[in-house]
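Shared between the two complexes below is chain A, which has chain B as its partner in the first and chain C in the second.
The block that comes next holds the complex of A and B.
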């Protein structure tokens, strides 16, 4: 195999911050290379240098052994490099077809857009993911009406539509469900056969081992290891990424079995909860329980958490510690010491341009009186920052200056101060680095030991299996399966998500 | 590597001072006579007070985000000025009741704006523009038989004349007003929540903020502040006419922008707006002193606005 693209000793500085000091990557045609590293290790920067979004300060890029420079993304695209962006680059007001072919519309000889051809080609692309959408998509559907997973797929199709030689998948699987991921991986296999090179940026170990041929690990802007994926174990890879291997303890100790759980008092009861997505959900959570919500993406997990928090209108009853409640606004739920960590940090969890301090204290300003006791507020925020090991330049810096993992700590931090009794978590580890994840798992375990009740939705099956006392698998707005005790295995969870009937006791 | 970062309000203030010093070199400028320079500077700040106070409400609605803007401010200023004028009739004892009425009327108009924007989902631009028309109509009805009234002597002596150390009362009032606005924005839950809803309303709601209530409160407050602006303005002019407040509407938005408040909401300060009001007033009065025609004055004002805002925009891009 010949090396298609090689990045050597790449250096990139942003002002005084060194994002990359020695970034290296090599990929051959017909090969998938996994670019791994914790958040802030420089993998986004490296992929942005390869696709021309940022210009490098040092080192060189070789394409087919020839030094190249990409002053713009268009230049990189002309050389056959396409990227699936983590942050979606689609224009919501435009249709699927318009988005995919934007600036590259097939034209009639007269210079007008060949609408028939556009539709035809878009249909062909959509066929690649046929059967994995919740509703069938057509080329004229507006992107604004799509679910996050569907948008991500359109993003993938847009990248592949230019028939690139090198495809960069930057966290492209983060919002996809397992069926969609499998389909993507099947497609990757065919793209490999046709000689494409693929750079796969991901936090998900399991996927890396499923799809990659080689790996390259970044830590603090330096490439610290690379090689064949067959010759490395998950643990070794993680060690390379975070140095301290010991924090990676997925499994939570002293989990409660069904018998122990039954002795604890019921904290929350939900009866016949219905919204336009949910179809009469019943569930019960006990004090100190960590209840997992599983299943394919978009089966109503999000709506369930949001109705309990009073954010969306619902029918049915919700009962907390024997008292019926009907929240009309999240403020009511917050008063009853319920906390909610939403699934989309940027859009729902943070005020990006405001300071870290303000984000942490957002739900709590009233407690500091009028005039606001700023000194006290500052102390509280410092306390929250320390308890979460928040890495920041200062409390007055905007949240936008934080890495993904640290930003998520802020979202969680704003509730911790309020000592919530019930935590509703909507996929809280999405796009978070391994180190922060480990800290987060420990936090969850501690909260449960303190008697807090947690309902935890995750798109990462391993997390659910490793952490939860009990898992409810949702399908089509209802709870399909309950997994307890030794039934909690990855195999069972996946099987239940997909609706397969066979369930085994052991793995 | 520490980069010198000048905040937009400071930049606006530096610009104002520089322009003022340069203006001394003009043929009819103050030259080297410091007492004239001081008198000129005081007068410009005094004139900026009215724009500054009228722009206070504008600052709040712009910070509240979601295309927040108050185009009814000019009409509310006129209406409340006329109300104060008619109520007081040269009678000092009616000053306090008149203040109460203008605040109330302003707040009521603002509340209606808020209701239209929050519950009927009318965009702030359209809602407040419509409201400007309605208030204009009210003014015409009120003004029909030619209003008779008079401002109170106490108003003239406090607002328009020097009070202590040759500083006009209007400036002292503005300083107190500025402190109140700072307090409101930086030291109350209302202020903190206002910035929050200006950045992201979903995050705010999910953190327990009642966004509709905040919206109603903000527009009501903006109306009340415009009412106070009308009261102060009539105290200065001593007469009322049907378009008294109109010339302040667009400068009030410009002052907010020049002061570095993001027009998209969520970031800004009232002291920025104060600097903005001073800059705009200064430029206008300089151009008048230079006997520039109206056309040139408008072009220079517009050009300055564009220049300043493009500089702020660049700063933001550099920081990312």
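The block that comes next holds the complex of A and C.
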């Protein structure tokens, strides 16, 4: 096989920060290379250099052995490089078809867009993922009305519609459910056969081993290892990614079984909770319990957490420690010591351009009086930072300077200060590197041991299986299955999520 | 469920609100002025409405592309003062048409200046165009310090009284603009415009020439302001450097009533045209009802506040948050 694209000794600086000091990557046609690394290791930067979104400061790119330069995304695309972006590049106000064919609309001789042709071509593309959507999509649906997984798929279709020679999948599976991931991987296999090269950027080990032929590991902006995926183990790969050899053993130790749980007092009871999405959810959580919410994406897990936090209007009753409550505003929930860690930390969890200190203290400024006792505030923030092992240049740096994992620690840190009794976590580890995840799991375990109650939604099945006392699997706005004790296995969880396969087994 | 369907309708036809408002305004107008539906009075009204309608079209293109142009009134004034001083009441028609051409060039130049600042230098649109509006009004005052001058009566008469097939000239102009817009909207440029207004970053990553599109919206707006200025000059037949100052806010109000979102990427041209008609119809009502003119400003401001707050209020009433 001949090398199609080769990135050699790539250097990229953002101001004073060195994002890449020695990035290398090689990919041949008909091959999938996994680009792996912890958050902040430079994966995104390297893929953005290859697709022309950022311009490199040093090193060179070779396409078919010839040095090339991509001053813009269009330049890269003209050379046959397409990217599925992590931060979606779709325009919400426009339709699926308009988004996919933007800048490449087939035109009538008069210069107007050939709407019929656009619709036809879009239908053909949508067929690729037929049957994996919750509701079938048509080309004229507005992107703003789509679920995250559907948006991600449109993003994939948009990239593939260029018929690229090289396709970069940057965390493209993060918001897809398992059925959609399988379909994507089937498609990748056919694209490989047709000679396309695929660069697969992901945090999910299992997927990397399922799909990649070769790997390339980045650590702190340097390529530290590469080779054939068959010749490496998961543990070795993780060890390459993180300097300290902390390994994948974060299963929580003293988990409570059903009997133990029954002895604890009930903290929260939810009865017949209904919203636009939820259809009468009932559940009970006990003090000190770590309750997992699982299932396919977009089955109402987020709405459930948001309703409990008073963020969405709902019908039904919520009862905390025997007292009926009906929060109309998150402030009410916060007063009752409930905390919410949103999944979209950029949008809902953090004030990106403000300092780390301000973000940590945001819910607790009251304590520091008027005028604010800044010295004390600073000490408290330092304490929180240390307890979370926050890696930062200083408390006065903006949150935007942190890596994804560290930024998420700040979101949790701002609540810990207020000593919450109930924590609602909305897919908090999405896009967080392995090292930070492990610390995060430890934190969760400690919180439960201290008697805090946690409801934990995650799109990562292993996480749920490894951590939770009990898992509720949601489907179509309701709870479909409850997993306790020995029932908590990945197999059961996946089967319950898919529903269909479980029913087949019964027959 | 009813309310939901209403919301969906509004989303698909954003100018529905303006259309309802317009119908009410026409009704009230017709009651106050029994001759409202006669051919003559229709032409009277349309030729007065036309400048603002054209101005609103330019404004709408800029707002669709994610910006705003506060300088349109200034451009209109420049054009008015150029025509009034250079052509004069006794000028020949040929001279008039030459200066009409020059006025269009002036509009293009002014729009290019705005476009350069906003798209190439990436300055805040609202502040930049507010600043250039002072520049433009300054130029207009330099050209014509005191109201006066004028254009040949024959030309004004042409604008005021031409009614081919009994239909006011203004209607033909509007139809032409709508046809042009229909073409643009279905061309690649139209897609780019909505993409840039919707989410400029995503558009850039996709390969849309964002800077060029933003630049072009200000050029279009400048050109539209110049055309509006020409129409205004023909309507009044005289010059006044201050003539455009009240029209900037009106053009923005017309766009907002017309259902084009301030955030960009949603809406069209038909809405703002209807919005401009509605706005001036309301002003007509005020003057017919013998109410003090300061009410005009008050009503104008009230409309813009209500139109801006309405979507939020609807959500609040429904008690849902997104």
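Please note the rule applied: the second predicted complex is superposed on the first by the 497 of 507 C-alpha atoms of A that agree within 3 Å, B and C clash if a C-alpha of one lies under 4 Å from a C-alpha of the other, contacts with A are read in each partner's own complex, and residues count from 1 in each chain.
To be clear about the criterion, contacts are C-beta pairs under 8 Å (C-beta built on N, C-alpha and C of every residue); 3 or more make two chains touch, one makes a residue touch a chain.
A quick note: this is a predicted structure, and the numbers were derived from the prediction, not measured.
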item: Superposition on chain A - do chain B and chain C clash or fit; value: clash
item: First (chain B), second (chain C), both or neither touched by A:414; value: first
item: Which superposed partner A:18 touches (first chain B, second chain C, both, neither); value: neither
item: Touching partner for A:372 - first (chain B), second (chain C), both, neither; value: first
item: Contacts of A:311 with chain B and chain C, given as first, second, both or neither; value: both
item: Partner chain(s) touched by A:94 [first = chain B, second = chain C, both, neither]; value: second
item: Which of chain B and chain C A:331 touches, first, second, both or neither; value: first
item: Partner chain(s) touched by A:382 [first = chain B, second = chain C, both, neither]; value: neither
item: Touched partner set for A:363, first chain B, second chain C, both or neither; value: first
item: Partner chain(s) touched by A:349 [first = chain B, second = chain C, both, neither]; value: first
item: Overlapping contact positions on chain A, where the chain C interface meets the chain B interface; value: 311
item: Of chain C, residues touching chain A in the complex; value: 183, 186-188, 190-192, 194-195, 197-199, 201-208, 265-266, 319-321
item: Contact footprint of chain A on chain B as seen in their complex; value: 1, 3, 183, 186-189, 192-193, 195-196, 199-200, 202-210, 262, 266-267, 320
item: Complex contact set, residues of chain A against chain C; value: 53, 72-74, 77, 85, 88-94, 98, 102-103, 105, 107, 111-113, 115, 158, 276, 311-313
item: Complex interface listing, chain A residues touching chain B; value: 15-16, 309, 311, 329-331, 334, 340, 342, 347-354, 358, 361-363, 365-366, 368, 370-372, 374, 400, 414
